[in-house]
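There are structures below to look over.
Consider the two complexes below, in which chain A is the common component and chain B and chain C are the respective partners.
Showing the complex of A and B:
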């Protein structure tokens, strides 16, 4: 009979524990989703200040996600592979005009050609070659 | 070699290549650059744009980019010196030059492989024929040595005669060669003596766009601005301006007729270019009418607004037109509609009474949206003010980019800030002109007039830049011609000097040809400056693409001037 008196309080505490557990899981899941989004925003290498805030397991999860995404991308296009993390928004044109905001020195692009990025010079280049530098703030997209 | 409108070939060659664009710092070049950029965008030609302010800049830019580019397009620079000699490029570099500077260096004209000049067919260059300037050296010597080798086998008597014959022939050949060289020097001297300007580069590129049927209204507007720049800065004769305006007018009508057939008229936001026979009052639609009259060269010089008499005349003029002072001093847009309606005709009528026969000039205007109306000359002044803005921390290339941006329709704020800067510049010019005339700062040195702006002069920083100083120079000469009674002085050219860099102790010196109705705008100061600098070993820098603008060490000023006086007397 003494036990039956405790049952409601046990049930109550158990509900609280379950609720706390749900909150924590929701929090962890949300972190996971954000880490996944980080892959799409930053690319495969995360900047140090972001990695500082992730625990070891999360880093591990991130690298596994990276691997899955990479193998998925490789399998697209009949075995040739397609980088789907580029061009997140449909591009308006193949080539864009960019302006150099600071002296960046020589910049080599995939086909081997070298461009000298001097402050205030303007260049008309294929979009995909410039995206990284635009994100870094070296180049500025000029819209006329 | 020439390529008169080197059309589809240019496009074909450049299509899959990357091109370096080296653009000079004047408004015509900026407009030409915008047109070319638009064409390149159409055809997806990858390019790199580098602004250059002078020969040194050009050389540096070339060195930096020569590894990566084979094709270079030079806008408003490079035609008037031996480019290959200066830049020492590799054999496979090709230069496309569209430059208004004349005379074109003869080496550039006759080079067949690396230099391609874009010049209009009608532009008469007056280039001397090839044989008058170039000559193969090899033929001559071969004849002599052939004769000499026979000498050994001849008996002595015959040999002496033979020798004399050979010697005589050699002397004759040398004499002919000296004569030829003297004539060559003379021909080249005549050819290169006077500097002037040809058809605007932006018009050239617009014609290229038109032939490729890729021309748009924006490009047409830029071509108009480029042409107007040549007129505002007095680089071409009035005749040429009128002829070129007629050419542009044909294009404008063509573009306007395109839309008239449609049942639905164009939205108010679309760009419309119209031919205007408008007043020669600088920036009047963005200022008050009164300010514009006071600060426009034409009205200020004709009324002599730096004198009290002139001010009175101006008041009479306004009263004659029935324009109340209160209205006229307001911002133009706030003036009464009733006044604005017939303003141009009213002003023209009154101006004729006061002797201002050419108050109206043929030009073009653009409007898009309800608020935005600009005349071509407004744009020229605004962009020029931005290009030579003397704000601290702004490098030349920063200003270039700002000025280039102001030409796009989407950057109206920049354009308006340019207009404000232009107003300040014009007021500074008027005040400087007034003070120079009233304090007799213009001295006649014999063969030319001379004026030196001292360091403490207000706004003197504005005049350390070439375009602004040249504009001041022209206004000053016009004002001087109107104010002086000395008939001889009216026909003299003017040289002006202003401090350029206080730390380095240099001044900028500009020379302009004499002011006259029928002036052909040909300037001989380029060569004169070079010779004077050489003869006195003054420390000069001939960096500007216009050879009549140089930088000189302040200390060498007096000996340089003396040399010029002796040279030109």
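Showing the complex of A and C:
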């Protein structure tokens, strides 16, 4: 009968432990969701200051996630592949004016011409080619 | 669009081995329908991988046609825009699906595992692989970081309980494509009673998703 007196306390303790487990996993999972968002925002290479805030297991999760995503994208359309991290916004115009924010070296566009992306230079380039560079902060869309 | 597509159209139609051969315009209309439905539905819908594959074929044809056109031709930029638009819709559709797969990953996998033999599949084989990898990746992470340090009886998390299910009672806007009669609307609160509505063709409504879910999969209504 001594044991049965303890049962409510055991139950209470178990509830507390379960709640703690839930809080912890919720916190950790929320971090994962933010890290997942980074792949879609920044691309597959994370800026150093962001990586600094991630623990080793999170870096591992991110690396596995981007691998899964990459093989999924490669397999689309019967092996043709489609990068669905591009075309995030409906296309408004064909060409856009961009300003280069940092030196990025040479950049080739579809008809073969090579553009030198030097800091502060401005170019009139096809929109779909610039999307990723704009998101990475290399180019800036100039809207006059 | 018809110029670039009329070449591509005949190629696509010849390659079609299924009974219903679609014109390019019909194919794009189907893509847009699937895109809107997926965007506005609270749960993951049936996968339309045949549409996805056909659209990608279409895009390659259009791209190939464009390469042959003289540079600087005015038509070329219009065709280019069309290709960009279609690619946007396709990417957006696939992204919507991926987001829902990630958001509801244990439930999606459970639904796929427990569906009957003849039932249409929810996930394409690639999406299924992605979902499984996502599950395994997340489980491994949680185990490594937290769960293995917990008391022995707390070292697992029941994902089906931990991850919320899609809210099927959320309201959606829809347009009726085929007239429906006697749709039963369940009461939301205890003091309401269930009632029956007829949906006229072309009419638009705001209803709970749960009520019209089967009509979305059959194509009788279009979410907007």
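By our rule, the second predicted complex is superposed on the first by the 113 of 144 C-alpha atoms of A that agree within 3 Å, B and C clash if a C-alpha of one lies under 4 Å from a C-alpha of the other, contacts with A are read in each partner's own complex, and residues count from 1 in each chain.
Just so it is clear, a residue touches a chain if its C-beta (ideal position, glycine included) is under 8 Å from a C-beta of that chain, and two chains touch if they have at least 3 such contacts.
Note that this is a predicted model, so its numbers are computed, not measured.
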item	value
Contacts of A:143 with chain B and chain C, given as first, second, both or neither	first
Partner chain(s) touched by A:18 [first = chain B, second = chain C, both, neither]	second
Which of chain B and chain C A:121 touches, first, second, both or neither	first
Which superposed partner A:61 touches (first chain B, second chain C, both, neither)	second
Which superposed partner A:109 touches (first chain B, second chain C, both, neither)	neither
Chain B versus chain C as contact partner of A:94, first or second or both or neither	both
Greater residue coverage of chain A in the superposed arrangement, chain B or chain C	C
Overlap of chain C and chain B interfaces on chain A (superposed complexes)	94
Residue numbers on chain B that touch chain A, as the complex places them	18, 37, 40-41, 44-51, 64-65, 67-68, 395, 397-398, 400-401, 408, 410
Sites on chain C touched by chain A in the complex	52-53, 55-57, 60, 71, 77, 80-81, 84-85, 87-88, 90-92, 94-95, 98, 102, 126-127, 129-130, 133-134, 137-138, 140-142, 144-147, 150-151, 154, 157, 162
Touching residues (chain side chain A, partner chain B) in the complex	94-95, 97, 99, 113-116, 118-126, 143-144
Interface residues, chain A side, partner chain C - complex	17-18, 21-22, 24-25, 28-29, 32, 36, 55, 57-58, 60-61, 64-65, 68-69, 71-72, 75-78, 80, 82, 84, 86-91, 94, 111, 127-128
